[in-house]
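Structures given as structure tokens follow.
In the two complexes that follow, chain A is the common piece, with chain B as its partner first and chain C second.
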Partner chain A sequence: MFHQTRLKSFAVTAVIAGLSLYAIFGGFFPREIVVEIALLAILAISLDFVAGYGGMVSLCHGAIYGIGAYAYAGMTAIAGFDAVTGTIAALLATALFGLFVGAVTANISGIFFIMATLAFGQMAYVVIFEWKALGGDDGLSGVSRYDLSAIGLDLDDSLQFALFCLALVLVVYAVAAFALRSSFGRTLSGIHSNENRMRALGLSAWKHKAVAFSFSSVLAGVAGILAAQHTMFVSPELLVWTVSGEVLIVVILGGLGTLAGPIVGAALLVFLKHEVSAYTEHWHLIIGLFLIAAVMAGGRGVYGQAEHMLRGRIRRPADA
Partner chain B sequence: MLEVTELCKSFGGLRVSRNIAMKLEKGERRVVLGPNGAGKTTLFNLLAGTLQPTSGEIRLDGERITDLNVEQRARLGLSRSYQKNNLFEGLTVRENLALAAATARGGTSSFFSRIHESREVRETIEEVAEMVALADKLDLGVAHASYGNRRQLEVGLALATKPKLLLMDEPTSGVGPGMIDAFHRLIASLPRELTIVIIEHDLDLGFDVADRITVLNYGEVVFEGTPDETKGSDVVKEIYLGDWQDDA
Partner chain C sequence: MVASADFWLTQFLNGLQLSMLLFLLSIGLTIIFGLMHFVNLAHGALYMVGAYAGVSVAASLGNYWAALLAAPLAVMLVGIVLYALVIRRMRRSGPMNQVLVTFGLIFVIVDLVRIVWGDIALGMEQPAILSGPAEMFGVVYPAYRLFIIGVGFVVMVALSLVLSRTQIGAMVRAGVENDAMASCLGINVERLFFVVFCVGCALAGLAGAIAAPAFSATPSMATDILIPTLIVVVIGGLGSLRGAIAGSLIVGFIQTFGAVVLPGLASVLVYVLLATILIFRPVGLLPARS
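Entry: the complex of A and B
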């Protein structure tokens, strides 16, 4: 069960504060890194919601991310709707896609669930790739960032956009945490722990899982909308399944089922990637070694391991 | 309360349950006995909804539930416990009971309420913990609980849904001799208005807690009566003695 422990609050605050300072005192390039981390963190939180707390390890969150980005870009840059309508449409599109995938895959478990979500992700990729009105494989440009001049913000400024993305990481984290502590979230943890027993207690588990997947997809959609605004351009690359794989790596690296871990994992992965790639092109190799080490050290991830060690000291009730 | 008529279940050509009929009054404690392979577990699964009968009918409070699945039956107040503990691992006793109580209460799909921590659910948890003698172990992680405690929680999860009908699958399975009596007392002390069907192969449980006993053999009801009648029954003696002789 999810509990917003002090350690979680501390870890989230520390990472976000650290990244904010990095963006404020760094130049353009550090800000790009911060945005990259923020997008990945939001996506990883959304994946952790279903994978870590619902046992649904999805390999189509990259596709959902892309659907959010494309829906926003299509609505604003092609159809000419305003940003609010575009945002609502994008969130709705991801919610519906998530609900559909969730409903179809809810009764599939284990490796077959992973394969099914991968298949759905690939289908979305192919559709977008072939969709000429959305630019096909050329992608779609002309996406503009939110106009927040009414509250004195200029998102075309790299620093303000980076801070805006970090703020949304906090919002998404808070929304996910709130959901996990609600009746819905507790029930989801119950399904994760013992789905058969939940059904014997009278729960329609598949409906619950479908809604959970949909909810998670909306969070991934937020990352998609930001991604479209960040580069002001969307391409089918966003939906490639390796994006889903990378998000899963982030979640495992940070700590599956910890919610705070994915933020730590995102920062770690992106920094590692940029630091290592300064020396060698084979940064994947280093990430791979890191991942193997993380999995072999108990599979709790960097944040999860810290939480585990501290909990052993103060013996809090189980936090699964 | 519970009415079973002409219930049959075949697996291919094998007729595992044959024309089973049972009628329970509200508040009755019925123990279903029988040697290994008598079809007890099949009957249990037919009642719980994990198996669909080949023919026949099951009625709960007059309502036909034959075609309903496990979760639909659960929502009508039919609750079950398992022969092998089937708990929420990794959570505490309290969290386990909260999941059961809240799920049965409904409203678990809400993002804006916290039923699991509501006063109503908390009261149910305390009430049930008292019934299954776990009141002082609420914050114990299930993974660290003793086998006996886990067995008690198994019954507690079924009770936390506030069922009308409780189905128990060998509740004392695996419980050591020292705890058997305590477990029988626990079952006997459950609220009187609760109707209970217990599937068991241990005769003593039947004699300790049952109002009436049904004996199955080869998928058929071969005897039904009060515990005293059962003790005096030649049919039952033959089945159980025969069983012992086969084992020896």
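Entry: the complex of A and C
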């Protein structure tokens, strides 16, 4: 069950405020890092929504992210639609893909669910890779950022774009938190803790899970739209399964089933990556050791562990 | 596509050779999976270690056969270290944590290999006796690739005999079928798991060592082979030898013939098959547990 505790509010505010200051006082490179963190954080929140609260550990969120990016890029850069239509199309595309994957995999559990989502993600990857109209393996360039000059913003400025991405992290977090506090989210947690009981209460569990997966996919689509605008270029690399793996690592490092943890995890992973790679090219080694240590130490993640110690209550993240 | 019978026979042998490599990897993984419900994603990384160990031994001793013997032993040693440090402690945690820890192990092992052997692809000499082409039914085919098929086939037959005819085979089958009951009957399932784990590692090392002369050793082989192997395990059904055989043949042939017949969509075919099987028959085609 999700509660917007004071600790969660504090952690989210502190990370976002810290990153904003880093972007404001840093130069171009820190701003790029902030954008990278923001995209990963949105993606990780969307994964935590289904994995942490619905028990659906998806290995296709990278693919969904890519679908969002490609739908936006295709609609605006090739079909010539405006940004609003492109955004709606991208969100719709991710929602439909998520609904489809969620519906057909709803009765599969454990490692089989992971494999099934992997299969659908890879299918999307291959289709995009081979789709010549979308640039195939060359990718697609010419995506432009939102024109927000009406409210005095210029997103082509690196600082304003970084702050815009951070603001969207807050929006996505708030939307996910709102959904989890609604009866919809409570039902999802109920299915996660005991699916048979919810069925016995008369709930059609697979429909609920499919809708939850679709909702999570829309959030991942938001990250995809931002990713397309960030580099103004999309490529099939966005959809590779290792992207999904990285997002999963972020969620675990931060804390599965905490919603605030993914934001902490994203900041941690990206900083770690850049700090370590300044000294050695073998940053995967450090990340790998970090991941092993985090899981073997109880699997609560950095934020989850802090929450656990401060609350002094035993509440292990549910095994998925 | 107009092609002669020779062409299709060559493709058939290519498919068979890929299937045998997949079999050597997936059999260890599936039995570990079925016997102990342990998900070891680092299995592909062990295959890579086997390839590099084979390259080094062959280069220093100048003898291919020594490498073929040493690589499985070296990988088994790595496996024992992993077992002692990580895997034994993760036995009772859920599949999710096992997936994550072994995913972390892939990162660690791949980077250690890159530190020791560098980032470039390393080749390995084929033994002189197998380096030339061989002729079969009028088709010229590299003798070494026939050797890969032969090794896979021998291992397949040997494992079938061990599993069906020996006492330890019966114990493994009992453990896969019902591990709690097997424990009650006095089988030390944990020790059995350890033995099976070691054999699985050795087979992964063997697969790496016989693959190295044909495809050379690269750091990316750890993750490249992982997904097809997992697909074989899931398609075939956990813990079953027959499932691993069927799964490797299906995946090997779909990948090979798909690349010839439907070049663009070859890789998607395997995933379509995987998704279909998971949706309609989630236990796989030939599961060990009835």
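Note that in this section the second predicted complex is superposed on the first by the 312 of 320 C-alpha atoms of A that agree within 3 Å, B and C clash if a C-alpha of one lies under 4 Å from a C-alpha of the other, contacts with A are read in each partner's own complex, and residues count from 1 in each chain.
We adopt the following convention: a residue touches a chain if its C-beta (ideal position, glycine included) is under 8 Å from a C-beta of that chain, and two chains touch if they have at least 3 such contacts.
Keep in mind the model is a prediction, meaning the values are calculated, not measured.
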(request) Report clash or fit for the pair chain B and chain C bound to chain A in the combined superposed model. (result) fit
(message) Let me test your reading of the model: by the given contact rule, A:V276 touches which partner, first (chain B), second (chain C), both or neither?
(response) neither
(request) Specify the angle subtended at the CA centre of chain A by the CA centres of chain B and chain C, expressed in degrees to the nearest 10. (result) 80
(request) Report for A:L118: first if it touches chain B alone, second if chain C alone, otherwise both or neither. (result) second
(message) For the overlaid complexes, name the partner, chain B or chain C, with more touching residues on chain A.
(response) C
(message) Between chain B and chain C, whom does A:M232 touch in the aligned arrangement: first, second, both, or neither?
(response) neither
(message) So in the superposed three-chain picture, is A:A103 touching just chain B, just chain C, both, or none of them (first/second/both/neither)?
(response) neither
(message) Is A:L153 touching anything from chain B or chain C once the two structures are fitted on A? First, second, both or neither.
(response) neither
(request) Look across chain B and chain C in the superposition and give the shortest C-alpha distance you find, in Å. (result) 15
(message) Going by the contact definition given at the top, which residues of chain A touch chain B in one complex and chain C in the other?
(response) 320
(request) Enumerate the contact residues on chain C facing chain A in the complex. (result) 39, 86, 89-90, 93-97, 99-101, 103-108, 110-112, 114-115, 223, 227, 230-231, 234, 264-265, 267-268, 271-272, 274-275, 278-279, 282
(request) Mind listing the chain A positions that touch chain C in their complex? (result) 57, 104-105, 107-108, 110-112, 114-116, 118-120, 122-123, 126-127, 130, 241-242, 245, 248-249, 252, 282, 284-285, 287-292, 295-296, 299, 319-320
(request) Enumerate the contact residues on chain A facing chain B in the complex. (result) 1, 178-179, 181-187, 189-190, 193-194, 196-205, 207-208, 211, 215, 317-318, 320
(request) Enumerate the contact residues on chain B facing chain A in the complex. (result) 48, 70-71, 74-75, 79-80, 86-92, 95, 98-100, 102-104, 107-116, 139, 141, 143, 157, 161
